[in-house]
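Consider the two complexes below, in which chain A is the common component and chain B and chain C are the respective partners.
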Partner chain A sequence: MSVLSSGEFWAFVGVMAGIYTLFTLGLQVQFGLAGLLNFGQVGFMAIGAYTMAILVVKQGWSMWLATPLAVVAAAAAGVLVGLPTLRLRGDYFAIVTIAFSEIVRWVATNEDGLTGGSQGTINLSGEGVATQYNGAWERFQGWVGDQLHIASKDVVMLIIVWTAALVLLWLTARLARTPWGRVLRAIREDEDATASLGKPVFRYRLQALALGAAFAGLAGCFYAWQFSFFGPDDFQPLITFFGWMILILGGVGRVWAVPVGAAVFGFLFAATRFFDFPPFSYLDSADRAYVRLMVIGLVIVLLVVFRPQGILGRRDEMVLE
Partner chain B sequence: MLLEARDVTKSFAGVRAVDDASLVVEDRSITALIGPNGAGKSTLFNCISGFLRPDGGRIELAGQRIDRSPPHRIVRAGLARTFQTARALTRMTVLDNVRLAAPAHPGEQLDGLVLRRGAVRRREREVTEQALELLRLVRLEEHADALSGTLSGGQRKLLDLARILMASPRMILLDEPMAGVNPALREELLAHVLELRATRGITFLIVEHDLGFVMQASDRVVVMNEGRVLMEGTPDEVQGDERVIDAYLGTHA
Partner chain C sequence: MFLQLLVNGLVTGSVYAIAAVGVSLVYGILRLVNFAYGDMMALGAFIAYFANVTLGLPMVVAALVAMVGMAVISVALDVVLWRPLRMRRAGFMSLFLASIGVALVLRQAILLVWGPQNRAYDVDPFKVYVVGSVRLSLAQVVTIVAASTAIVAIGVFLARSPSGRVMRAMADDRVLAQISGIDVNRVILVTWIISGLTAGLAGVLAALVQSSFDANFGFQLLLPVFAAVVLGGIGSAYGALAGGLVLGVATELSTWEGFAGGVDPVYKPVVAFSVLIVALLLRPQGLFGRARVV
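And now, the complex of A and B:
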């Protein structure tokens, strides 16, 4: 139990929950507001992370310029994916997005010259030269730590990630209440009816997809800084489905449900790893790592049965036709 | 004339659902489009409202060609439609259902939200007032803050009407407004249609199976059969026409 009582460990769990909050906030805009089934969110995250790292390492860009551009690149990828596919029916669109994220991962694996290939970003400058992209980030983190008189890097990271997450949550919650958000919700309810009231459905969907992709791109940058190294295997489709679990746990359509879902998910995911009481103690630690996915799955099944609207969702919205 | 469709054709897998159909709707008229099931009325409706693109022919609204425009452009050009079943956006409030339909709202553009915040607020206030007024017109104002999914079927029909009026169209296409409607609501809807034409000068094109309603409400009747326009005339002319009785009533006999 020593790890579970360590502040560093929980700071790490909190950072990951913050990164997943940003990631899932994108899904909330796309699905919760606009009804888009995006199963390839991790692809946009990968584009954000790789764009930032490549611009810093290969082009020598400042991190402060590379990061906004990485976010824009992820949004642009959203537009590119959306242009030919958003006119498709929902289920076809969902399949295309999965394929998109796998294409991104396989390109990252095989384009060694661009991405460092399967060895990841450590190989960005070619064989034999260990490459880092986060010098400027470490300095920024150190500066924030000095200002706040906090020594622990993990805690500083926790503060930065959650500051970014809270600002974007607040902005998104405001955006959801605007007339723009109203059109998105209308499209989610009935796209033909919305079109028949004079709204260009396709353009709104494209905007929602791009905005959600931008959030994933930023999540990718934070992910990159947190680990100071990443590779194609960090962007498995499973990550997208973690995002969906968080969305369902928290509640679809409610912006402030995202951090709640992410915190619960992060807690379950981290804590279940250290269950050392029966029946978990009969398994070795490697097997227990799989058991936690089963535990999370069970929680979601129970939630869908007993509280289908999620932790913060509205029940009265679930029963309407 | 306000709407003119000329030689409109639409096929599905080789079947000509609409076959060289032409019709004219005069400004401020109430024109009914009738015909037996499968006559092509709904397909023609979908072509006019932009939900289907015709294979051939030409459709003009006030002299402006609309048959290649997407639905939202056609609405902005002044022609709006309803669907056979009322399409309430169930998880949104009744008020939001109506406000949604407001045209030219800067708050619906991302750049407007950032750059024209004053204009957004002003327009939203204006739109809310107008929406409440329309809800009063259809006597739904008490339900303004309820989720529209809680409304009954009849109330949803009225909500549909209020919502479409928010788009301030010159012409409204009603797709079987009387389907599944009780006698009291039937009278209410009929009164609304006549009133809206009289006070706002709105033109109506109505697909309807309820012949009683057609005879009461419309000035002109267009009869379709097997994808073609069989005849066109006043309700009295149509009622007495042998061809219509054969095509339309014959199928019900």
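And now, the complex of A and C:
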């Protein structure tokens, strides 16, 4: 159990929880506020990460320019996906969004010239030339570490990710209380009634989808910096469902429930790696990985059955339907 | 070449069609978008693998074992999970998420038991039938025969049998069906049995056609199957059949050189989704679905 007492390990779990917080915050805006069933969130995350990496490596852009553009690209993808599909019924929309995220992954896998193909970003400038997109990020990370007199890179990353997450959480919580947020919740509760008050329902939904996609794009950039390398397999549909699990775990409709859900999920996901008592001790590491995901699947099912409002959710505000 | 692609498309399309019926019926009766269906197909394929390769039974027997096995598992899942959720009046979202949880559990269970390796059935992969300019593998012939039999059987069952009529009635208008004295629990039982049988059959056939399969292949099948269901109009069983065939044929034909040089075969799944999106733009309720009446 030595690794459990290592600060670096817990910093890593914390960084991942922060990235998942950003990712899930997007779902909270889309579903918690606007009632949109986006099951393709990972596609927007992939677009953010790839746009940033491609602009830095291929176009030689500064990371400080490439990152905002990557976030804008993810939001633009949200608009593009939303325009033809947002008029569809909820269940149709859900399926089309999964399809969208799989198309993104397919393109990333097969367009070697653009994305580095199935090998990932290591091939971004062609076969055999190892590529890096995070030089500027590492310098920034080093600078922050110097300012704070912290030597551990993981701890610095933890601080940066959570600073970004807390700022955005605070902004989103404020946004939810603005007239804009109230209209979104009204649409979630009764689309027809809101439309009859003269609110442009479609436009509000599109904005919510794009904003949520932008959060996912930013999460993608942080993901890219954390691992300094990524490939299409990092953007499996499973990641979207982790986000949904965090959303429900925390509580749908409450912005500050997202980091709670992400922290619990991060802990569950990491801790199950160290189950070394029977019957887990009889399994090899690959089998243990299967059991971990199985446990996560079971937790999803049990949550839906026994606590549909999540840890912090209020039953009167919103219960999963 | 065109003919060959058309036949290939009919083969994959008929597998999609069978699976799509299973998904669509469950949606029509239970309002459940069953995300676990892909992994049910995979589990069916692995049960048949166990019967065929481990026990050495003939392929036909193995397929039947898989179908019955999946029907039993489907009914069991209803008893332990879906029925309690129905009792709580769980809505669309809860059911969808619960099925995602079930999908995860099933896939990891397959990985635990059979591991991540590629598997293949004990059938002769080199036997080829030549009809005119079209070459058909044994697996393709078996698939066409089994799938068309199943499709006709399902069609006749829905159109003619009392249970089938009741199922269509319930899919059309639940409340009306209930107050006219339909035994809802019986209908649900029959629905799960059919859904399990189709999952087993579609899983085995898909595994046969692509000749080797692993634990993740069910999920890869699920998205085109969902696309077929949506294309046909969610909840419409005949629509699902048509949607599956259209999608299979469209996907294969897209690679034909006569069609603007053809699409790179790696993009076949993307073609399936593009067909879906275009179709939804033209008919948001699906090819056979009814327009929403508020």
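The rule we apply is simple: the second predicted complex is superposed on the first by the 311 of 321 C-alpha atoms of A that agree within 3 Å, B and C clash if a C-alpha of one lies under 4 Å from a C-alpha of the other, contacts with A are read in each partner's own complex, and residues count from 1 in each chain.
To be clear about the criterion, a contact is a pair of C-beta atoms (placed from the backbone, for glycine too) under 8 Å apart; a residue touches a chain by one contact, two chains touch by 3 or more.
Predicted model only: the values in this text are computed from it and were never measured.
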item: When both partners are placed on the shared chain, which of chain B and chain C touches more of chain A; value: C
item: Which superposed partner A:Gln207 touches (first chain B, second chain C, both, neither); value: first
item: Partner chain(s) touched by A:Ile248 [first = chain B, second = chain C, both, neither]; value: second
item: First, second, both or neither for A:Gly60, with chain B first and chain C second; value: neither
item: Which of chain B and chain C A:Asp192 touches, first, second, both or neither; value: both
item: Partner chain in contact with A:Gly90 - chain B first, chain C second, else both or neither; value: second
item: Partner chain(s) touched by A:Met294 [first = chain B, second = chain C, both, neither]; value: second
item: Common ground on chain A, meaning residues reached by chain C in one complex and by chain B in the other; value: 192, 320-321
item: Chain A residues touching chain B - in the complex, by the definition given at the top; value: 175, 178-180, 182-183, 185-186, 189-190, 192-201, 207, 253, 316-317, 320-321
item: In the complex with chain A, residue positions of chain B that touch it; value: 49, 51, 70-72, 75-76, 80-83, 87, 89-92, 96, 99-103, 105, 107-110, 113, 120, 124, 147, 149-150, 163-164, 166-167
item: Chain C residues within the chain A interface of the complex; value: 33, 81, 84-85, 88, 90-94, 96-98, 100-105, 107-109, 111-112, 116, 219, 223, 226-227, 230, 234, 264, 266-267, 269-270, 273, 276-277, 280-281, 284, 286, 292, 294
item: Residues of chain A touching chain C in the complex; value: 37, 84-85, 87-92, 94-96, 98-100, 102-103, 106-107, 109-110, 192, 237-238, 241, 244, 248, 286-287, 290-291, 293-294, 296-301, 304-305, 308, 320-321
